[in-house]
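In the two assemblies presented below, chain A is common to both, partnered first by chain B and then by chain C.
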Partner chain A sequence: MFGGLKEKLQAARNRLGSSIQGVVTAQAPPVPASIQAEPVASAAAQNTSSPEAPTFVDKLKVLIIERELIVSEKDVAEALAELEMTLLESDVALPVCDAIIAHVKKSLVGKHRKIGESVDALVVGALKSALLDVLGKGFDLAEFVKSHERPVRILFTGVNGTGKTTTVAKIGVYLKNQGYTVVIGAGDTYRAGAIEQIGVHAERIGIKIIQHQEGADPSAVLFDTVQYAVSHKIDVVLADTAGRFHTKSNLMNQLEKIRRVMKPDLIVYVDEAVAGNDAVVRSAEFDRTVGADAVVLTKADMDSRGGAAISIAHTIGKPLMFLGTGQGYEDIIPFDPAQVVEDLLGSEP
Partner chain B sequence: MDQRELMTLQHYLKEYGQQAEIFVSQLELLENGRMEALAAIEALEGMLVSEDGNVLLQIGGGASVRAKVTEPEKIFLSIGAEVVVERSNKEAVEFLKERIMEMEASQKKVSETLDRLRSQMNEINKRLESGYQQSMAAGQDED
Partner chain C sequence: MLDNLSTSLKDALKKLAGKTVIDRAAVDELVKDLQRALISSDVNVKLVMELSKAIRTRSLDEQLPKGTNVREHVLRIVYQELVRLVWASGEVKLEPQTILMAGLQGSGKTTTTAKLARYFQKKGMKVGVICADTFRPGAYDQISTLCARINVPCFGNPREKDAIRITREGLQSQKDLELIIVDTQGRHALEEDLIKEIIELNVLTKATHRWLVIDAALGQQASEQARRFHEAIDIDGVIITKMDGTAKGGGALSAVAETKSGIVFIGSGETMEDLERFNPDGFISRLLGMGDLKALVERAEEAIRADDVDVNAMMKGKFTLRDMYTQLEALNKMGPLKQIMGMLPMGNMQLPDGVYDVTSTKMVRYRIIMDSMTPNELDDPSLISSSRMQRIARGAGATPDEVRELLKYYKMMQRTLKGLRGGGGKFNMQRLMKRFSGMQ
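Right after this comes the complex of A and B.
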């Protein structure tokens, strides 16, 4: 998963590390005479500037007294430009890419670091914290279900062919394994064979399904599903819906009706990780029209670039909840930002 | 094997078939992308050795015009995330070669998944076949 991105990030990490190492070598004692000769007056003048930017006094102190390292913007400009290209080539959305670069720059430029500490640790720390910043906090579904009134109603939306129905089944298994009772509503009454498909899934995973005839009103199916859950004291309702493109206004209106009728506690947008930036653009559009509270990205095991997974939470401001990683019902993993960052940057280059 | 089990197996087969179709179309997309990148590399390299800088520019619908490339060294390249950057001809070729390698790796993965799906479908087919034979034999016995 995300092998290409991992490789590229390791290269960027090395590049940044060697840029900073160059500064370390240049700043090693003896201290350059030009810095010692700077007038004290300019130090006083710069003391009024932003507390985050190192003032000249700071620089003087760290260079002469504590012998710490000052990294200027110029020192890392080239390496950061390469990192930017690396991220864009991995299909990381431009605003997200800008946010990562700004964060890394803020962490590294002006950083005071005692000589003798590892440059690599400094770079990795900056990259990790920048990635964690854009990845958000993830979404704990089990905790969400636990803390909401039963039945918890979860509506699944998304475009065609991204694996929405399979995701509904996988999440059903996940919740069942967590000890919750689940019912699935076959709200995709539009696609030929969809009711059959979810029916087969439900039978295999041992979850009750509520279904109507093909062509029936999906709002009615999902209303019945919620009623069933209420009367049978079921914990969670998983509502499958037909895939639709956000440009089809009649289908989007239908989704709006479903939302009004079943009043979901959680709207989950499902798309495929391999779609890259397209998935990010589509999720933003869905969020704007029918809303989205969390995102699931399928086929993450096929995705080498990882752009969608990196970009989606920051772009639409909604957490990534699960990653689909294979064909089996158990092949779904809760999205854990710390784990993903550790996988991308944890091992030695 | 009863009728219900036969029907379940038929459902499985249908579902696997649908999944296989999705993977086949993904493979096609990857192959189209790969061929397109190969053609672009050929064009980029061709432009550098072309004496007069004239190329045939396809404008869609199978129509082409003669065009003169004034700056064959400056290439505008879509690198992902809907971002286009200016690269040298050599850099653009290198970038495209890397993309081809990525696409070939993805093709390999998708092909492996497809092979697994097909072998599962074969298994189901075999079980269905033996189920049909059993039910036919049972029907003949009843006659």
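Right after this comes the complex of A and C.
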């Protein structure tokens, strides 16, 4: 999903690079000018006293190559403005974008740079560290399950239509393939057809599902699911819930109750990669009210630019766990921030 | 953070408030803040740039209408430009028709389909629904449950995998109904086989309308997705869903710009009734993070006419109780104070909740007290001695203290207006409000 962002970042990087390169050429003239007169002298010097010449040339070399340049705010302003546009067009929320730009600026401005050093390396370094900073470390679910007491209880939350149910099914398959036993709790008792939906998924992927009737108390369903897992020695409980808006306090309270009743080991916040600025608002609110330990971003196959990942990670500071990339059960990939940043900016200058 | 943003926009507007001459730098600053507000509402970045360019050019080129300040001038242009964008068509006729629903996964097509069925049913039409979502498990259960709740026939078959066949059979079985809504599976523009499917569905149903359902939270992708859907099936209306959250729905703005259509409905809740016809004013206000602009512009124009308030006399310092009376009346016409405050872009001016009520009841009291004054007293308040005060109080059923308070308030207003003379501009509601709240 980061294809679009990659292209744009590469362009922005070139801009930043060339703008700093511009600084170099702009500040360079005095140097050649000052030596302009020298060559004659040095040529003459070379002729007369050759032993001294190398030291003189060396001195010149030192003067030109080791000369340090200080990148000023003005030098990068235009390029940074362009980088800002790039991030905004990639759905990075405005406040997050501001923070990243500030970070890049801070690490570039005032930096002493030697002429011999690659401009590109400097820019890429700044961008890379800004993005890595934001994206955090990633989250290894298999490792988490391995290191926790059974059954590992995982609760899925998020607003309506982000793909919680599909994600539950996909993660079920993922864990099953890792050799764990899984049970799913049909905690969405509100939306019409939700129980049928997760029921069909569970049947297709061969995972046991615990369900009550439509309109039942989701806490009860999920409590039963945990009880089932305990008595049947099942490794992982995946608890689906109904989508809810962070603005509905009654529904958020219900989620809080679910959390109290089933005591999840891991709360996974599910959002979509195509979401814009609201991703920041709602993820922050979910994190504040019921908490979130990891994030899954769905619909990453929709040609999205990946900005939501950056926005959410920056806002709640929780690791991204998976990306949902399609309609099939296997369409889920563990999120590796280092890899993503590497892909975005490339390892080659 | 969104509050901060709209505050910055309000601050920028505030700077323009007193100005009567267009200041290029101030307009530039406003346009920049406007850009940020729109971008943080998820409007497509390119679209924002185009819009703000138009707004800037118009703000600087157009003559400042007489009697308005720069802020009003720029606001009006902003408003007009945005309305022009969203208010293209969006017409909904109550006649036999077929509606094809399209949209991304999880945008809320099925819920909206049921809401639409309910909407048209309430308008007295015979409505039917066809479930052409053959992919998502539980889709048929969902729509048939929803339809059963509102007694609308729903055609579908969870075991059939061919959406085209289901739709063909559905159209046949529902041919006696007036309005048929075809709910389709969620798809995005990169899924070519699904795009092909919806083109076929469009041809098969000969749909009167092809409505694109957009999640209010959808970001910059909205333009691109809308463009591809438009290329495929010629979208002629956009429905925004999930407006009950905090998302601003800027993606929908990008989508209508891309499809040259209008926004037809807004979904804002989980029950069948939570569907509204689109109202551009509320939507735009939300996008900008400001109060209801149009209502403010209109009401202000209506309430404060030149003949209502003699601005010039007041500016000369001739401000009598009579003038204050007309002012209070004008304010009263604009509706409850709280509403007016909500409509005014007043930045970070924080008033405790209680203030509004006290103030508006007090305003009514003031008018009653003034009603029991003589014309002479109204013209020259200095006449009011303590015996006259007693009389006025008795006449108005008030206490002399209240009359005294009124006079104090009058003096304060007078001072405020005097202070305004230097700043230029006319009747400055904002400053007035500030003084007013200071009274409490």
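Quick notes
We take it that the second predicted complex is superposed on the first by the 293 of 349 C-alpha atoms of A that agree within 3 Å, B and C clash if a C-alpha of one lies under 4 Å from a C-alpha of the other, contacts with A are read in each partner's own complex, and residues count from 1 in each chain.
As a working rule, a contact is a pair of C-beta atoms (placed from the backbone, for glycine too) under 8 Å apart; a residue touches a chain by one contact, two chains touch by 3 or more.
These numbers were taken from a predicted model, which means no experiment stands behind them.
Three-chain overlay on chain A, with chain B and chain C in a clash. When both complexes are overlaid on chain A, the residue A:A192 reaches chain C alone and has no touch with chain B.
Contact with neither chain B nor chain C is seen for A:P151 once the two complexes are overlaid on the shared chain.
Of the two partners chain B and chain C, more residues of chain A are touched by C. Once chain A of one complex is fitted onto chain A of the other, the partner contacts of A:G172 are absent, as it touches neither chain B nor chain C. Of the two partner chains placed around the shared chain by superposition, chain C is the only one that A:T247 touches, whereas chain B remains out of contact. Residue contacts after overlaying the shared chain place A:P319 against neither chain B nor chain C. Looking at the shared chain after the overlay, A:V159 reaches chain C, while chain B stays out of its contact range.
Once the complexes are superposed on chain A, the part of chain C occupying the same space as chain B corresponds, among 5-13, 113-121, 167-175 or 185-193, to 185-193.
Overlap of the chain B and chain C interfaces on chain A: residues 85, 88-91, 93-94, 161, 193, 196-197, 199-200, 274, 276-277, 301-302, 304-305, 307, 327. Those residues of chain B whose C-beta lies close enough to touch chain A in the complex are 8, 11-12, 14-15, 18-19, 22, 26, 79-83, 85, 95, 102, 105-106, 109-110, 113, 116-117. On the chain A side of its complex with chain B, the touching residues are 4, 85, 88-94, 97, 161, 193, 196-197, 199-200, 203, 274, 276-277, 301-302, 304-305, 307, 311, 327. The touching residues of chain C, counted against chain A in their complex, run 1-2, 5, 36, 39-42, 45-46, 104-108, 110, 135-143, 145-146, 188-190, 215-221, 224-225, 242, 244-248, 250-251, 270.
Across the complex, chain C is touched by residues 85, 88-91, 93-95, 159-163, 190-201, 204, 214, 245-248, 272, 274-282, 285, 298-299, 301-305, 307-308, 327 of chain A.
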